[in-house]
Every structure is written in structure tokens, then in C-alpha cells.
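Next come two complexes built around chain A: one with chain B, the other with chain C.
Coming up: the complex of A and B.
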């Protein structure tokens, strides 16, 4: 019940943000939401299926390139670019997932990392298509639909991002509550038991891997027009690692937690980096303290306190 | 009458160690069969071979007249072979109810409903509650499985298998680690399941009292081989069996 109120409150806050916030603040919030969606998608495999991927940035990057290319070369409306980015990420995730889900735990993590670095290298080297290390610049924020209104303004683009993220959250929540989502959680809890209850977990793992990659791709597809570029950095393993930290900070296996975790993570980075160039020392220390003193992350801890009160 | 389960010259080696050798047995429908043997006799390995968790290095497994040797554990389960484990194997951070419900769902199918599926969830939940009630766990349905005492976790695992409405139920040392009172209760439950659900049960057991109390027929394994098979009274009187047990209890 309290959760529902908080959800409604968050929706109201998102709705009034364009009027309440200054331009640069709204831009920051847009950024936070995009990375929130990225962390949310990672939570599907990490929190609900127990598969720790160390290469999730690859799908964010594929989404960014897919969307950037569609917008630059074909000047399609934003939804087409979002679809293209998400689909590209999902399609590439099929072969990667097919190989990676043959392994488990640390070996799965290493395979996803290896594939992600491979994709990063492709983006880096395929200059004709991706612009190499320069990436693709000048990605336009086009229109809402063919002949429709422009989404180039900060308010309009914020609205596109906010709606995409909220809808994604709603879909992901339904997904983890469905028969399929319940099966994923059983795999996370005890794979051997799952097998002896009559199903092969690999098909489930591959499916959720592709779904998670698709949502990560959607986040990347929002990122490219928002920042106006796509570059190899967004596919680099550093972002994959940060994704893990966002999920853990916010609360693994809670969906809304990773969104909050991403926001907190980036905000801390923003604030600290304006004071010192050694900000990474402090974000690292904060992360260590959080893991030790707030097991279950921000949302997990809040829920524990709420049930105790 | 044709056997529900047959193994034919079944064998499994781990490197140089021959864990199971030439095991041929037939379990009739409705039978409650126990497999006994001293530690390291190959009982659990034999169970893994029958349930499909391990591929055999020799021999065949035939279930309901079908050669299932090449099938993995999931396919054998879907054909009606459900099992429990010697070391309790449940979904610890899911509720007791969800543990059983997911067992029903996985067997029944429709597992790739990505969204919605309310009616399907409700149907499997009803069957899960029946199974929990049958094992006297309905009062703990909403607790996390990991918080149950050991004895109830053992029962929960049986509830998961029973909820799948199998043809053959494989129980791997169901009384493992239980107190004498819990052991008696569990024996009662197993007898009740066998009767009420007309289940064929194959169980591995360490506790001799349990075995002689429950089983219709007993198969004795020693160093991976069948050394005796028969009614409890025959087995009790069998000299070779006595020697096998006395020989290992140093």
C-alpha cells in the first residue's frame, strides 16, 4: 500500500519536473532516467535470474548506434529509432546469449565480458559505419511521428525519455510476476532443482538475456539523440561495471531499486567531480560502505525498515 | 503386468571407480520399492541415472515401456518421474507455496507466458495448496522456504514432487537428518501418499527400520551391484545382506 503511494508520488514528481526544474537540472534528470533504464534492464538477468553479466554495456551501445544511424541517415521519427536500437541490441544478444548461457556464474560473466569487448572493438574499428573512435556526432532529435511535432526541445525530449522509462518499468514488473518471471526466480534460487522439475533452464536464460539486452538497447537508443552522439565509450566494460554498481546500490532484484541506484550513483559522481578530480576515490569508498552497511541496497534497506516499523 | 520402470544392466563409472555395475531391476506399478545398501554402495548414483541427472556409461533405462536412456532429467520428469534429493533441494528465498506452485507450473507447461498469465498462476496455486495440505504444511504456505525447520523442508520437497502428480516418485533418503519423531511422521506421510495417490515409489534409505516398515520389496546394493532382492522378510534373513552390512560397520 505504501509502495503504491510512493509510486504515485514518483509519477507526479516526474510529471511536474519540467516546470519545477531549471533547464540544466531537467537535462540531468533525463540523463539519470536513461541510465536508470539501463540498470533496470540489467536487474532482469542479475536480480531475477541470478546471471551476473559483465558485458551489459554492449547492448546499451548497440542501441545507441542503431538509433544514431537511423536518425542520421534516414531521419526517421524518434520511435522508429528507439525500435531500431532496441531490436539491434536484442538481435545481437541472441548469438551472444546462446553461447554465454552454456556457462554459469563466473564463466558466464567472463563470456559476456569477452563478447562485449569484441563488440566494442567492432564499433571502434568499423570506421565507415561507426566513425571509429570519434563515433557518430550530430545525431538529431527528430519528430514524434511522421510530420509530427519536433521533440528537439528539452521538455519534449524529457517527456519521451520519462514515458519510455515508466512504460519499461511497468512492462518489466509484469514480466517478473508472470509465469515466465516466476520460473526465472526459481532458476536463480536452485538451478539443479529446476532441472529435475521438468524444464531446461537454458531456454529461459537465453530468453531473459535477449529481453534484458533489448531494454538496454532502448536506453542506448534514447541516449544517442539525447546527447547527440554515439561513441565506442558507451560500449566499454567500464559502463558494464558501473551498471552492476548501480543495481547493487539501488537494490538487486527490486526493478525500481536499480533505477534509483543509477540516479544516486550518477548524482554522487556529478557532485563529487565538481569538487575534486579524484572523485573516483570517494565514489569507490561510498560504494564499499553501502555494500557493507546497506545490504539489499537502498530499496532493500528501506523495505526492511518499513516492515520493521 | 509390465514394469513401470526398468533398468537393464545399468552401469556408471567415474574414472576408474565403478560406482554402479550391471543393475537390472523392474519396479511394478503401485509398488513401494526400497533400495538399501551400505555407504558408498552407489544408491544415489543409481538414482541420478534413473532420474537422468547423470548419463549412464552402460545399460538402458526404460520408463513406461519407453527407452528414456538418451533423455535428460527435464524430459524424464515431464514423462512422469519426479524426485527428491538426499541433501534438501528447495528454492530457499521463495515462499513455501511458490516452491510447490512452480513445481506444478514447470510440469504443466505455459512457462513462456511473458506477461499476464493470472488464470494459469491461480490454477497452479490451487494444486500447490492441495499438495501442501496433504503434507500438513498449509499453515506455513507464506513463509520463506529457508526459514522452515529441517524436517519441514524435507516434507516441502516431497510436496513439490507429489504436486507434479508423477507416475513414479523417487525419494532419496527422505528421513535423512530427521529426529526419530520426524522420521516416524515422514514414514506415515509416505505411506499415506502411496495409498491415497496410488503412486509407485522408489526410495533410497539408510534407516533399516524405515525400510522394513515401508517397502513392499527391497533391492540391496553393495559396491554398485545388486546382491539381493525380495520381500522385507527375505532380505532380513539373507546371509549375504547381513554380511555386507556387518562387513562395513567396522
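Coming up: the complex of A and C.
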């Protein structure tokens, strides 16, 4: 019950934010939501299936490149670009997932990292298409539909992002509550038992890997027009690692947690980086302490305290 | 393509494999004993390279640095294990991977603070400068040294593990740490020592690499990704596996860079993919 109230409250807060916040604050919130969606997508495979991907940034990056190319070369409305980015990430995730899901646990993590570095290298080297290390700049925020209103203003684009993220959260929640989602959690809890019940875990793993990559792609597809560029950095392993940190910070296997985790994580970075350029040392240290002392993350720990009280 | 050319490529592959082995052997060893995939392992390689730069700059000698730096890196590693990792061995493996990721961030940025963002070079020692003639081609001496170093370290590690009492205890802990504990092995100490020794190996790789690649930020991550591929191919926890994996990756990267410079990386992953289809747990690994 309390959760439902908090959810409603969060929705109201998101709805009034454009009026309550200053321009740069709204821009920061848009950023937080985009990375929240990225972390949310990672939680689908990490929290609900127990497969830790160390290369999730690759799909964020593919989404960013996909939407950037569609927007620059074809000037299609934003939803087309979002679809293109998400689809590109999902399609590339099929062969990668096919290989990676053959392996388990640590091997899976290493394989996803290796493939992500491979995709990063492709983005870096394929200058004609991706602009190499310069990336693609000047990605326009086009319109809502063909001949429709422009979404270039900060309020309009915030609305696009907020609606996308909230819808994604709803879809993901429905997904993990569905029989498919239950099967994923069964794999997480005991894969051998799942196999002995006559089911094939690989089909489920591959499917959820592709779904997670698609949502990560959607996040990337929002990122490119929001920031106006796509560059190899958005595919780099650092972002994959940060995604893991966001999930752990917020609370693994909670869906909402990773969104909150992403927000907290980026805010900490914002604050630290205004004091020191070597903020990575401090985020690293905070993260080490979190892993040791708060394995449930913020939401996990809060829920445990709430049930105890 | 001439014989000389083939020989040159072969030696290049072996030199690269030597470096890769120094890094991946420790990664594999730590996984075998601690069941931890140490994401920070590449950073210890980088640490070795930078400490090597300092040591050579201060003493002016390469050889003492080669002996001095690895133990220092090893002590740093052992101290980090004892102060963080030790407390979370009972957690699911992913928490340890994440913790070492945090450590990697701290160390990488610390190196940037201390040494600055520019790459730093090291002169190879006089003995290893220049080239020697092999099968009609002139080949850099330093790369030959890397081949020898990789082989020598591989032999030492293998002998240590299979022929000595220490090696026996280490293998016992790898096989069944609880049973080894019951039989009187100090498992906590073995873990710290093995972690330190693995970091020292990576550090040795770093010092040895510095004259060839210079010491630069990001060398840790690039080597750890290659080392991951090596141990995935060879099988985690297996020293012969690391050796075989290093040779395969060294060869794939060298010939890839020669014939298809734009797609060298792709070849390495294609080889890995092909091997994984038939043996998902690697060439020498054991099915879990």
C-alpha cells in the first residue's frame, strides 16, 4: 500500500517538475531519467535473471547511434528515431546474447564485456558511418510526429523522456510479474531445478537479454537527441560499470531501485565533480563501501527497515 | 610472403603472448583460489608499468626495477585484499567483481593524480636495445626477451604449483577450501598470498611492457579485456589454459593486425566464439 502511494507521489512530482524546476534543473532531471532507464534495463537481466552483463553500455550506445543517424540523415519524428535506436540495440543483442548465454555467471560477464569492447571498437573505427572518435554531433530534436509540434524545447523533450521512462517502467513491471518473469526468477534461484523441470533456460535468457538491450537502446536513443551527439564514449566499459553501480546503489532486483540509484549516483558525481576533478576516486570508494555494507542498495535496505518497523 | 616475414610474425605473436600470459596467469590463479574475477587485475599491470617508470628514473637501472617493482605491486594488492575483499567471500560472486571494479576506479584515478595524464616511456636496458638477425630478418632484442620471460615465468609458476608443498596447499584450497581449512591450512592467509602473488605477476608484466608500450592510463583496461578473452578461451583457473589462451590471442591479434588491420579485434572474438561453441568452459577449464 505504502509503495503505491510513493509511486503516485513520484508520478505527481514528475508531472509538476517542468513548472517547479529551473531550466538547468529540468535538464539535469531529464539526464537522470535517461540513465535511470538504462539502469532499469540492466536490472531486468541482473536482478531478475541473475545474469550480470558487464557490457550493457554497448546497447545504450547502439541506441544512441541508431537514433542519431535517423535524426541527422532522415529527419524523422522522435518516435521513429527512438524505435530505430531500440531496434538496432535489440537486433545486435541477438547474436551477442546467443553466444554469451552459452556461458554462465562470471563467463557471461566476461563475454558481454568482450563483445561490448568489440562494438566500441567498431564504432571507433568505422569513421564513415559513426564519425570515429569525434562521434556524430548536431543531432536535432525533431518533432513529435510527421508535421507535428517540435520537441526541441526543454519542457517538451523532458515530457518525451519522462513518458518513455514511466511507460518502460510499467512494461518492465508487468514483464517481471508475468509467467515469463516468474520463469526468469526461477532460473535465478535455481537453474538446475529449472532444467530438471523440463524447461530450457537458454531461450528465456536470450529473450530477456534482447529485451534488456532494447530498453537500454531506448535510453541511448533518448540520450543522443537530448545531448545532441553520439560518440564512442557512450559505449565504453566505464558506462557499463557505472550501470552496475547504479543498480547496486539503488537496489538489485527492484526495478524502481536502479532508477533511484542512477539518480543518486549521477547527483553524487555532479556534486563531487564541482569540488574535485578526481571524483572517480571518491565514487570508487563510496561504491566499495556500498558493496561491503549495503548489499541490498538503498531501496532494498529501506524495504528491510520498513518491514522490520 | 617470405620466410623472414613468417618468422617475424611468429616472434611478434610469441612476445605478445608472453605479456598476456603474465597478466592472465594471475587472473586465472586468483579465480582458482578465491573464486573472484579480479577486475582490478589490469590496473595492477598498469601500476607495475608506472612504478617501473619511477624506479628506472630514480635508480637509472632497468634490471633492479624488474626485480623490485613486482613485490611492491604485490604488497599493494595483498593489502587491498585484506582490507576489502576478505569480508565478502560469502556473497554471490558478482559482488566481488563489483568490488574490484570500485578498486580499479580508485587506483586508475590515483595513478592519474600522481603521474598525470601523459604517457611515460622507459628506455630498455643497453643489453636489450637494437636488433638481432634471425632467419634473415632483423628482430628487436627486447621482444625476444619478452618471449623468454613469459616462458620462464610460466615454468616457475607451474613448478611452484605442482612440485612444492606451498603449491600443494594452494591447489588444496582451490579444490575444496573448507576441507583444506579443516585439515589445517590457513585459508585466509593462502588467499591473501595468492592475491598478492597474482598482482605481483601482473606488476612484472607491467614493468616488462613499459619499454615496449610506454606506461599510459587505460593500459589496464585494454589488457584486462584481452586477459578475459585469454582465460575464457583457456578456461578459468588453469595455468596451462592461460598459456594456450595467450598463444591463441597473441597469434590472432598479430596476424589479424598484419592481414586485416581494421578488423584485428574481430578475429580475436571470432576465435573465442568458435572455441566457446564447442567448449563453453574453455579449452582447459572444468565444467561447473
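By our rule, the second predicted complex is superposed on the first by the 309 of 309 C-alpha atoms of A that agree within 3 Å, B and C clash if a C-alpha of one lies under 4 Å from a C-alpha of the other, contacts with A are read in each partner's own complex, and residues count from 1 in each chain.
Note that a residue touches a chain if its C-beta (ideal position, glycine included) is under 8 Å from a C-beta of that chain, and two chains touch if they have at least 3 such contacts.
What you are looking at is a predicted structure, and each value in this text was computed from that prediction instead of being measured.
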item: Chain A as common anchor, with chain B and chain C clashing or fitting; value: fit
item: Contacts of A:52 with chain B and chain C, given as first, second, both or neither; value: second
item: First, second, both or neither for A:197, with chain B first and chain C second; value: first
item: Partner chain(s) touched by A:207 [first = chain B, second = chain C, both, neither]; value: first
item: Partner chain in contact with A:117 - chain B first, chain C second, else both or neither; value: second
item: Which partner reaches more residues of chain A (counting touched residues only), chain B or chain C; value: C
item: Contacts of A:306 with chain B and chain C, given as first, second, both or neither; value: neither
item: Which of chain B and chain C A:186 touches, first, second, both or neither; value: first
item: First, second, both or neither for A:284, with chain B first and chain C second; value: second
item: Chain B versus chain C as contact partner of A:175, first or second or both or neither; value: first
item: Least Cα gap, in Å, left between chain B and chain C after the two complexes are fitted on chain A; value: 12
item: Contact residues of chain A, present in both the chain B and the chain C interface; value: none
item: Residue numbers on chain A that touch chain C, as the complex places them; value: 46, 52, 54, 99, 102-107, 109-111, 113-115, 117-118, 121, 125, 237, 241, 244-245, 248, 278, 280-281, 283-285, 287-288, 291-292, 295
item: For the chain B and chain A complex, residues of the former touching the latter; value: 51, 53, 72-74, 77-78, 82-83, 85, 89-94, 98, 101-103, 105-107, 110-117, 120-121, 160, 164
item: Complex contact set, residues of chain A against chain B; value: 171, 174-175, 178-183, 185-186, 189-190, 192-200, 204, 207, 211
item: Touching residues (chain side chain C, partner chain A) in the complex; value: 31, 37, 84, 87-88, 91, 93-95, 97-99, 101-106, 108-110, 112-113, 221, 225, 228-229, 231-232, 236, 262, 265-266, 269, 272-273, 276-277, 280-281, 288
